[in-house]
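Below are structures written as structure tokens.
What follows is a pair of complexes built around chain A, which joins chain B in one and chain C in the other.
And then the complex of A and B:
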């Protein structure tokens, strides 16, 4: 019986891989539940891939057939409605856990040396997920799908000189249409999930396992010392039960409130003649949409929206304090918590019709606060007194 | 973590309250009556392509008669609001016709003539039934979904409880805090 595993072992480092990445990966013993959101992101990604595979078997990426094929899935395909709701709500679930995962990294300084590259791969992953969500949102070919794709692709028109050609190239036509649907489908089911997201996840985990997990105290731990425990069984057991909890919340939405993760307007086929009065992106894009709208010029808004994400990549350099965890930095702690609240308010602003002056003002103020956080970070070490070295754990 | 937990609970409560406040009776009787109403009245102008009710009028004729093409109603209850609020929208629309010059005080300038006469003593009942039928048309899976969902969540809760016990037993005797011997960083 041992011959087959041995044959394999002589030709492929299966045991080493498992030891390195699961059974003997040393993890800090003091991780709190916020550290489980990385594993949850992987869980939701797996759910998206499996449900997406089944949807792709019945879906028709053709402007004449797409909308009806979604209803075919909802009405005629056995358990089709379940697969579709799992996929639609799963996208929200994935973004929800990713936001908490990123927020945890910001709060506990997980982007600091030696985890800068890990952080950047994560931001590339976030961009890839946005592209994945955006291309997927066109596929139901509803009214909101159509107009969101029209508005977002038109943003590329602000690129100097080649803007107009770029928009046409992206759409495959002068307006969003059948060609756009076909290419978005190809990107959504082949390129992004397999090559881009899959590849980046492998890079993200590989980099993580080189530098090790940060922890709530933000201190370096000896990989062979008493403060680390093997990932298996300790964190596998912990992440598993926490995943059960997450699944309960997820299933509650899937089975009882699925339409709360979907836009009503998208249950109507595209009306090519009239832009919907109030265009709203999915909730997970709302904060960045609010930034886009808060800048008076279209090119300025598009640049600000990109900058809002890219500036997060600069955190390893903007945050100059030697102390990682906000737990030991009273000023960064308060600022970061305020940043999170402000981010939620930005999301609320993004969901409001932009017509009122109050909403416009709120958008400008929250956008300013968003960027102000990154401007203040480099100045903090000048006056902030980090709590004296919790039990002398850092120099 | 405490704040997150409180936010999550508040979100759940709100969702349950919003989802449960159904003004439209979704019982099979009400939906059945709504279907009859659709077949006898609504289907004179409206199609429901996903339920096999074809449009009775060519679009040009409808345009001539009403100045508008009567929309397909298959997904109307989904397209006018999340959860049951789309069905409630239909109910409000059907019960808000009046004598004002714009015909309907809640949804002014509708092309659709009064579908249920406002002096019909059963106006509210009929409107509710029509709305219930439109809800069923848009979400044909809703009853199965709720039943299956209850079992799925009960099963997942049981599984989670077992996994929690497993987690507690695996971590028995393992401290969650650092020993104090960590290096500086």
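And then the complex of A and C:
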């Protein structure tokens, strides 16, 4: 891996880059498979870019042509159905992987000093990813595409004073229409991929390589000591293996259940005069959608939804314990696992029609539990007896 | 297991994995490469039917097939007889009438001059410097007889043919699903694919 021709080496630091960041990059030797999800996220991002590029060869971002161009891809383009399903399922796959990646971070305290900046770059990445998914979802110009774009763009109306003008400016029209579709295409194909990849992923990896990976024990490791191993070949091999498993699951869905997470209403063009009875976003937005609906006021709901994501950025300061990993913190461990379960229940709530009182109550309770977790964290060091990390023993 | 064996085993496993991975990537690339080929609707548009009933003797019609101009010339008995008198051996691109037309009365070919691509027009009287009617290309003066064979001027080859099939006496089916047209550069009927 480090045999680089001298001509190239005199002009480009390829060998140094490979040595510093791959072949001699120190990684903790006790990382479990939860640490593979970052690399998996990069893999799924690459899949989305490649399949998205191919779709863009045939997709037409015009309100009169968009829906039919997607059908053209599904029916006439050679292997078009496969590329479309790879992209649609890949978006779900990317979010699934990213949620597990974030969950790992929350559980093992990967947000704590010195990784705060890394954490915030990750949150920025998550926002960019959500914007990417949201703009992408409008493109097929199905019934659900149209109506969810209408609902979410109208949320910007809660901004005081300029709210309504902001919504019109965002849409490029007084309602979601061709102008909106065309610019969402530009955002989805040019703006967010560049911002996500060119910008934030590079920043994310740079910050990571500065501070090094956390590990399940949460202890700081000597980067030249016996407890680190070179990233290549060990974690390259481990990640490749795990990627193989992930791809099996991915392709199983692509070939046998591609429409499982696809909203049936989106197989119809928009009906501008009739909102569907049951508006549902894609599954990965459901928890935040539930938070939005749990607060009875429109501005309150919008603020709560944003707060639900932004509060995660405060974790480095909310968590005051000197111990990083939940492995050694019995109370935080239970609370965090409950948080994850609650997140899933919040997701279920988001999928229910909002009419029943039981669902409304469940939404408010789960939203309260969600924020309660962050409120409780600072209090933990007062009564939690964290077990000290066992030195030199890797579970 | 000794160190030597372990090293060989590791090398073998790495090489085998890399080979399988490369094969996998190659297989994965196939749909993406194929997806850039013309889509099924383009292939399907490769076969069209035209109506011949309003073409009278001595008249020529042009129409578009796959964005390319196609000529149909209904040849008069005089045209048929005169073109038949030309010795194919004297032509720059030799071809006999049987190699050019299925029915002597109908010339069906691509209306793209084989020199630089302009659309030739019918000269029902005489071609300049030639004692027969034919096709004249306005751009550089290329001349073709009523079988579309090059008889004078810069064109190097006869007008290209495309697959066609007569449906009765009034309809003509033109083209084939994957036939490219001009770029196939077919000048003899036997080299054409079936419509």
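The criterion applied here is as follows: the second predicted complex is superposed on the first by the 381 of 395 C-alpha atoms of A that agree within 3 Å, B and C clash if a C-alpha of one lies under 4 Å from a C-alpha of the other, contacts with A are read in each partner's own complex, and residues count from 1 in each chain.
Assume a residue touches a chain if its C-beta (ideal position, glycine included) is under 8 Å from a C-beta of that chain, and two chains touch if they have at least 3 such contacts.
On a predicted model such as this, the values are computed, not experimentally measured, just so you know.
Overlay on chain A: chain B and chain C fit together in the combined arrangement.
With both structures placed on the common chain, the touch criterion links A:154 to neither chain B nor chain C. In the superposed model, A:50 lies in contact with chain C only, and not with chain B.
Looking at the shared chain after the overlay, A:255 reaches chain B, while chain C stays out of its contact range. Of the two partner chains, chain B and chain C are each touched by A:75.
Taking chain A as the reference chain, the count of touched residues is higher for B when chain B and chain C are set side by side.
Judged by the touch definition given at the top, the superposed model places A:182 against neither chain B nor chain C. Once the two complexes are overlaid on the shared chain, A:234 sits against chain B while remaining clear of chain C.
In the superposition on chain A, no contact is made by A:306 with either chain B or chain C.
Once you line the two complexes up on chain A, you'll see the smallest CA to CA distance from chain B to chain C is 5 Å.
Common to the chain B-facing and chain C-facing surfaces of chain A are residues 75, 82, 233, 240.
Considering their complex, residues 1, 4, 8, 12, 15, 19, 50, 74-75, 78-83, 86, 138, 140-141, 145-146, 148-150, 152-153, 156-157, 159-160, 163-164, 166-167, 170-171, 174-185 of chain B touch chain A.
Against chain C, in their complex, chain A makes its touches with residues 50, 54, 57-58, 72, 75-80, 82-83, 233, 240. Of all residues in chain C, those touching chain A in their complex are 14, 17, 31-32, 34-37, 39-42. For chain A in complex with chain B, the residues that touch the partner chain are 28-30, 32-34, 71, 74-75, 81-82, 85, 100, 215, 217-222, 225-227, 229, 233-234, 237-238, 240-241, 244-245, 247-249, 251-260, 262, 264-265, 267-268, 324, 389, 391-395.
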